[in-house]
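Note that the chains take the letters A, B, C and D in the order they are written out, and that residue 1 is the start of every chain.
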Amino acid sequence: MRENCGIVGIFGPKNIPKILYLSLFSLQHRGQESCGIVFSDFKNINVYKGMGLVSEVFSKFNFDNYEDKVGFGIGHVRYSTTGSPDIKNIQPFIVEYKGKTYAVAHNGNLVNSFTLRKELEEKGTLFQTTLDTEIIMHLIFKSRKNTFIEKLMDGLKKIKGAFSLVIFTPEGIFAVKDPNGFRPLCVGKIENGYIVASESCVFDLIGAEYIREVQEGEILYIGKNALESFYMPKNKISRCIFEFIYFARPDSKIFGKSVYIARKKLGENLAKELPFLGDIVIPVPDSGNITAIGLAEKLKIPFEMGFIRNHYVGRTFIMPFQTSREFNVKIKLNPVKEAIKDKDIIVVEDSIVRGTTSTIRIKELKKAGARKVFMAISCPPIKYPCFYGIDFPSKEQLIARDKNVEEIREIIGLDSLYYLSYKGMISAMDCSEDEFCTACFTGNYPVDPKSFKKKEQFENERVSCY
Amino acid sequence: MRENCGIVGIFGPKNIPKILYLSLFSLQHRGQESCGIVFSDFKNINVYKGMGLVSEVFSKFNFDNYEDKVGFGIGHVRYSTTGSPDIKNIQPFIVEYKGKTYAVAHNGNLVNSFTLRKELEEKGTLFQTTLDTEIIMHLIFKSRKNTFIEKLMDGLKKIKGAFSLVIFTPEGIFAVKDPNGFRPLCVGKIENGYIVASESCVFDLIGAEYIREVQEGEILYIGKNALESFYMPKNKISRCIFEFIYFARPDSKIFGKSVYIARKKLGENLAKELPFLGDIVIPVPDSGNITAIGLAEKLKIPFEMGFIRNHYVGRTFIMPFQTSREFNVKIKLNPVKEAIKDKDIIVVEDSIVRGTTSTIRIKELKKAGARKVFMAISCPPIKYPCFYGIDFPSKEQLIARDKNVEEIREIIGLDSLYYLSYKGMISAMDCSEDEFCTACFTGNYPVDPKSFKKKEQFENERVSCY
Amino acid sequence: MRENCGIVGIFGPKNIPKILYLSLFSLQHRGQESCGIVFSDFKNINVYKGMGLVSEVFSKFNFDNYEDKVGFGIGHVRYSTTGSPDIKNIQPFIVEYKGKTYAVAHNGNLVNSFTLRKELEEKGTLFQTTLDTEIIMHLIFKSRKNTFIEKLMDGLKKIKGAFSLVIFTPEGIFAVKDPNGFRPLCVGKIENGYIVASESCVFDLIGAEYIREVQEGEILYIGKNALESFYMPKNKISRCIFEFIYFARPDSKIFGKSVYIARKKLGENLAKELPFLGDIVIPVPDSGNITAIGLAEKLKIPFEMGFIRNHYVGRTFIMPFQTSREFNVKIKLNPVKEAIKDKDIIVVEDSIVRGTTSTIRIKELKKAGARKVFMAISCPPIKYPCFYGIDFPSKEQLIARDKNVEEIREIIGLDSLYYLSYKGMISAMDCSEDEFCTACFTGNYPVDPKSFKKKEQFENERVSCY
Amino acid sequence: MRENCGIVGIFGPKNIPKILYLSLFSLQHRGQESCGIVFSDFKNINVYKGMGLVSEVFSKFNFDNYEDKVGFGIGHVRYSTTGSPDIKNIQPFIVEYKGKTYAVAHNGNLVNSFTLRKELEEKGTLFQTTLDTEIIMHLIFKSRKNTFIEKLMDGLKKIKGAFSLVIFTPEGIFAVKDPNGFRPLCVGKIENGYIVASESCVFDLIGAEYIREVQEGEILYIGKNALESFYMPKNKISRCIFEFIYFARPDSKIFGKSVYIARKKLGENLAKELPFLGDIVIPVPDSGNITAIGLAEKLKIPFEMGFIRNHYVGRTFIMPFQTSREFNVKIKLNPVKEAIKDKDIIVVEDSIVRGTTSTIRIKELKKAGARKVFMAISCPPIKYPCFYGIDFPSKEQLIARDKNVEEIREIIGLDSLYYLSYKGMISAMDCSEDEFCTACFTGNYPVDPKSFKKKEQFENERVSCY
């Protein structure tokens, strides 16, 4: 239950909707609830959005119509934040201004939305959604500046928190990253143009070449006369370290670094610290895979695929009948009796949030014949909520909030439990500790979240369906 | 191809979505492209919208959830105005203002949208749709007045043209009719509450009792403390006479009068004026039915159902293959050879717009064996466009614009053609000529349309799909 | 709740699926539950079937693929007989025999299915459906004769009852009518070929020319070398008179006669017999329309459309919430208060089966202000079940089974009730009484139904869904 | 592109459709084209079938209706054999015989279908499908024996080839395995009853206990009075070894053995034979995973997940636009540049069929920076077609048919290629060579396939859609 989003922006090549589709398809792991694109062939503007997976939403889109037309566009995949998923909140968020169309797609979370929204409403501004994105739009167009880039810079001054944005304007696109640089966003070169995307795995699929990460505080314009950069005032860099641990695809580069290499080092560092030994190492697939390989290799004990994943259970899969929580966990992964029977097993998991899923899995392993079950976690305990775009459960539900490791071990039913040390985690990243946001482990928030309010606190309950 | 819309608002009873559904179902003939509802059970607010017929859009709505809850809500059925139908334009139009939800559904058309929109955009207002409704909303909330009713009256001052509105607010609903009273809107009593709707046929279906027509310029509030009326400044009354001739269901009362009686009198008046006689009278179903009955009865010649309507061709029916215009006309109505063979036939049609459909139908009648075909039209020639909510084709396409009756007769292939006189039409209404808008016949526009611009002239081409 | 079916067969022209589609579309009133087609372009054979209306089932069919190919094919629309509608029972029924495809579509009902099925099962024949059509197929191919026409004649010898069939074979189609000729089937000429269909309204739509009715006992082959007729042994002719009263479209010819003319005469004959008079005549639309016109004209009292039909309620329309029987009747037709208030009304209805629907309608009329309500029925009381293809309710449910006219009048709440006399009905047909099956009125069954068993009596309950 | 199927049969517990659903869900990897179930609650029989994944087909099935009812039933998942997928071929295949319902689901392939079908047709038997299953049904019911079990044994005598069957009868189910035992089928104990399924992973999910493999030639009846076994005459045992190499899930037991253990041994045996060494071992996921782990462990060189699988591309996923073969391969797996750059890589693949996919993957690896790419295959070259249920391409398309290893290596673009030896493969199975069918490697067919004809050779082209 961890929220995030994925964004993409493209300028230049032919067949823009196809490239947007493939890009969102590559970013699907960052958001499966809804998706949408806006694109222009320099003449007409089209919007296509829907609830569901990229492949579902676009199953009836007619890509042939755009095969030969050059253009530009942006796209978004999203998780829902709070309450029921709602069609009105599908991004990109689009407005008409003086007969022209503008759109924004956002990955991240503002900490001062509540205050900004109140101020705008006082002046008679109407809202259609509960999206931060809508606030950003109003701020831009309320600016008294003349050009769009001036209005944009003026508007962005007022917002605080995490925001990697792609902005669609009549002439081209902007890619924006907040001065802290919480969320990843990278630039690539594509035939006849450029592309920005949350992760570099997008570039592999569409045949683009990785250029660099968008810089913290950078506003990158991509239009007919190529790239142009503007900058917001500097701030402390604070990249989300949890993107490496859990979110990003292992075949991606984010923040300029390979996720695969980082995960493997997390495993190696775990090996150095681990206070127990077992007969085999097994990952909780797929997020634990690479770390487990690193761990097993370093420990020189066998790596086994002790859980087999059912590939027909997606994150959005719904059983057509009532099922128990236990069953929902069980249907995703089945332990391989023959691989684990009578063995002491080290299970590698990326993190423990609530602990409920882990409890069920460990029980399954024991039932399948494991002698002892140890667990190695690739980061320290998560004790603090995230205000920058990851939707951990409320702090009351975080198991490590007020329980120590021994207590957690007992609840989950483990024979041993070990969390990678803070130092071990950082050292796996191969760069300075200062560059990361590690607030969920430490409580040191790089941007003050005290004015933050959960969206459900400042809106009435409203659900829209189409 | 004539646009209009239907609206409904309800306050008080249980199971609001079910009553809204049935009301829109009864108003389906006023708009088949899309529909939507917004309703509240005094706690949660729900929105349900979609492209298509009421029965299609709501086929998966769970009505059971609301069976026992009292509440209020509004609904809308719509035709598309211009360009591709677009999901973002489905009404009711909904906004958030200071954490509360407001919504409007609109039947009619403003003549000064273009000017109002430009003014608002100059002040930084963003638009999401091309709806007049969105303009109305901004005007209301830009008002510096304090209470909603004050803001509403303030906002309404600025708009000109035809507007029958239902407005959803946190506490109850408002029904508004412009000072000219172009479009119908009536009030009924329902168990534990009240209902307003475009036509009274709604009341028959849901078991409400007809009270009266909403007055010209009236702002009727329906909330917990029952009905309350406010008034806009007076203006010349100008009810759309074409509602009687074509739009409304014959079992409805509109503007306080029975449509059935009016149509029958149109037929009787035609009988008095008709310069030719035939063997039988046949209507073009269904809009010509009642007029034809009145005509035949008065002329004392037989009434026959000479065209049989295929009930499986709805207005929104689409053939799954390419068809000719002729074929599309033919599949709807089939002449009954045995009823018309070797006879002189008087065909009764409500009006002639472009003349293309009539041309095909007359050819079919002749092919089926009719000796002579005369046509009696239940109103004078339509020579002028409507700016108040009916989407006649552009004036260049109106056949009567620059052709006289004899020329039209020849184009359509008739042996004789007669249009009911202006006087004959008015006298069928059984009230003063002054009460009607007859601009499409006379060119006397009660509200100056010169600042009117077609929506396609002030927006770029944009299409949204979900 | 009266079952029937519609069939069509075409040989020769291009674009066979399109012509089949339009033919079934014209026959939609004969069956709305499911439909299907089988066709050949002399090379490949295609089958397309589905539950629902023709327009729904074929909405995704690609007609373009067949535009230029000549071929032949058959089609069927159906009502369900008993129990739940079931996809396995969609016609045409298709088999493979020695690597070739044969198919049959059937309108009618066999009286000896049960016996035939038992005999076949004794010899090891397996069944996949509960269709009579499947029995016919087995009988044909169990024949030891050599050619298909011999096998066909051999097989048809064994079946008894009503069967209008179209049969698809590798080289062409057969149209078959049982020796009694219960159900209509007519032949038309189409460009480059021929067409057979249940009613002639099909020919009007597709531009075919009516030739003649298929004769009783005729087996008509339509293949490359044009038409060829074979004959089964003669029998008493017994055409279903109820087709004229209720089923067929008024713009059709059936059994060589105009349905419109027949219905109008039913009205005129009613006028001669009617023992009461009223202020106006109103039909129960649409089956009562033409008869009511005939009646009003003859009586010289006004004809009024006192009920307005909601065109968005099809026979297959389902409300998305629980509704009462009363409501379901009410939503279809709404009385026009202004047309009926304070009047003595003669309501014209085609027939009374159970009486429940009529009871509700009469109550509505009274509630709408009618002073007195009389009812005129265009045929005598229905007292006996039909074994030849019309699915009246079981005899226990036929209101006229054991109630006299006065009792029925009282149950329905009428001020007077009159049924057209047997003689009056026959004389409207303008031909000899001997030519009709009138068993539902008289109990004189032209084919002995005593071995008949309802399908639910000889099969277990089984439902298939796809 | 390798066909197979999965079957399941259950007797005894409550909520049969739910258990069938979960069983088919667990067997989804054995067939994704269509699925179906037949079940009885000892009173009513229901059939539910459809094209698509289990989760799609059953998304609207109402499981609640059966929650408390005990019963029995069978189910099937399938790949298509030839030509277009066709709804009439969805299994289970169902017939009515003497008013009772029987159904069969089949995994395998008969070699004498063509001959049997011709014989049956000569006697007037009609066919509805091209399924072997239909032939089996006719053979059973053509038997002159009295009881069903006698008829069954009589019918089975005539069929030759591979057939694991579950049969639904009015009183219970039969599980049948051909005397050679080509396809797996195992029995489990479930609360209040028994279950048979193609693979034991089914039992883990539904909480059943594995009992044993159904024996070669066994006919196992499961009814009210528990289990009863009958036997066909013995024959040479010949279990499909390819089930271990590719088809079965690694967490399953088939033929009484763990697939996981077998695959790991394949990897270990490869390690013993491999004539080259590399820096890392990477699997082609997911079928190569376990073998690669075994290989890497034995070789003591690092195992890496060098390909990342996109979890949103299922086997049935269709791009909404035209794509190249290369692209379709690429979208499934993305190489991790950082893991493979400048390394000598040993890629582990289960087998090479046509070689086209491998060629593209190797190119991708080189493009991603691999220095040298070696490939290790977990079985010998596939040179001969399978007639027992696996749909390899025609022998002309098998790359190993007429090319030696060196030629294949060059075509695929490898630096080295090694196939596991026949002996190495057999020894991994840990039992006698005599127990397996290895015809695809050796050409030694345990059942003579010479009368076999591809289905497309004995039927005309016919496609059914619903």
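Methods note: a residue touches a chain if its C-beta (ideal position, glycine included) is under 8 Å from a C-beta of that chain, and two chains touch if they have at least 3 such contacts.
Because the structure is a prediction, the values reported are computed rather than measured.
Taking the mean of the C-alpha atoms as each chain's centre, subunit B and subunit C sit 37 Å apart. Subunit A and subunit C have centres, each the mean of its CA atoms, that are 61 Å apart. With each centre defined as the average position of its C-alpha atoms, the distance from subunit A to subunit B rounds to 48 Å. Taken residue by residue, subunit D touches two or more other chains at 61, whereas all remaining positions touch fewer.
Under the stated contact rule, the graph of chain-to-chain touches is a ring, a single cycle where every chain has exactly two partners.
Counting only pairs that meet the touch rule, the chains in contact are A-B, A-D, B-C, C-D.
Of all the residues in subunit A, the ones that touch subunit B in their complex are 43-50, 61, 87-88, 90, 94-101, 118, 121, 124-130, 137-138, 141-143, 458-466. Within the complex, the subunit C residues that touch subunit B are 18, 21-22, 25-26, 28-29, 53-55, 58-61, 63-64, 201, 204-205, 249-251, 258, 260-261, 264, 286, 289-290, 293, 297, 302-305, 308, 310-312, 314, 317, 320-321, 330-331, 334-339.
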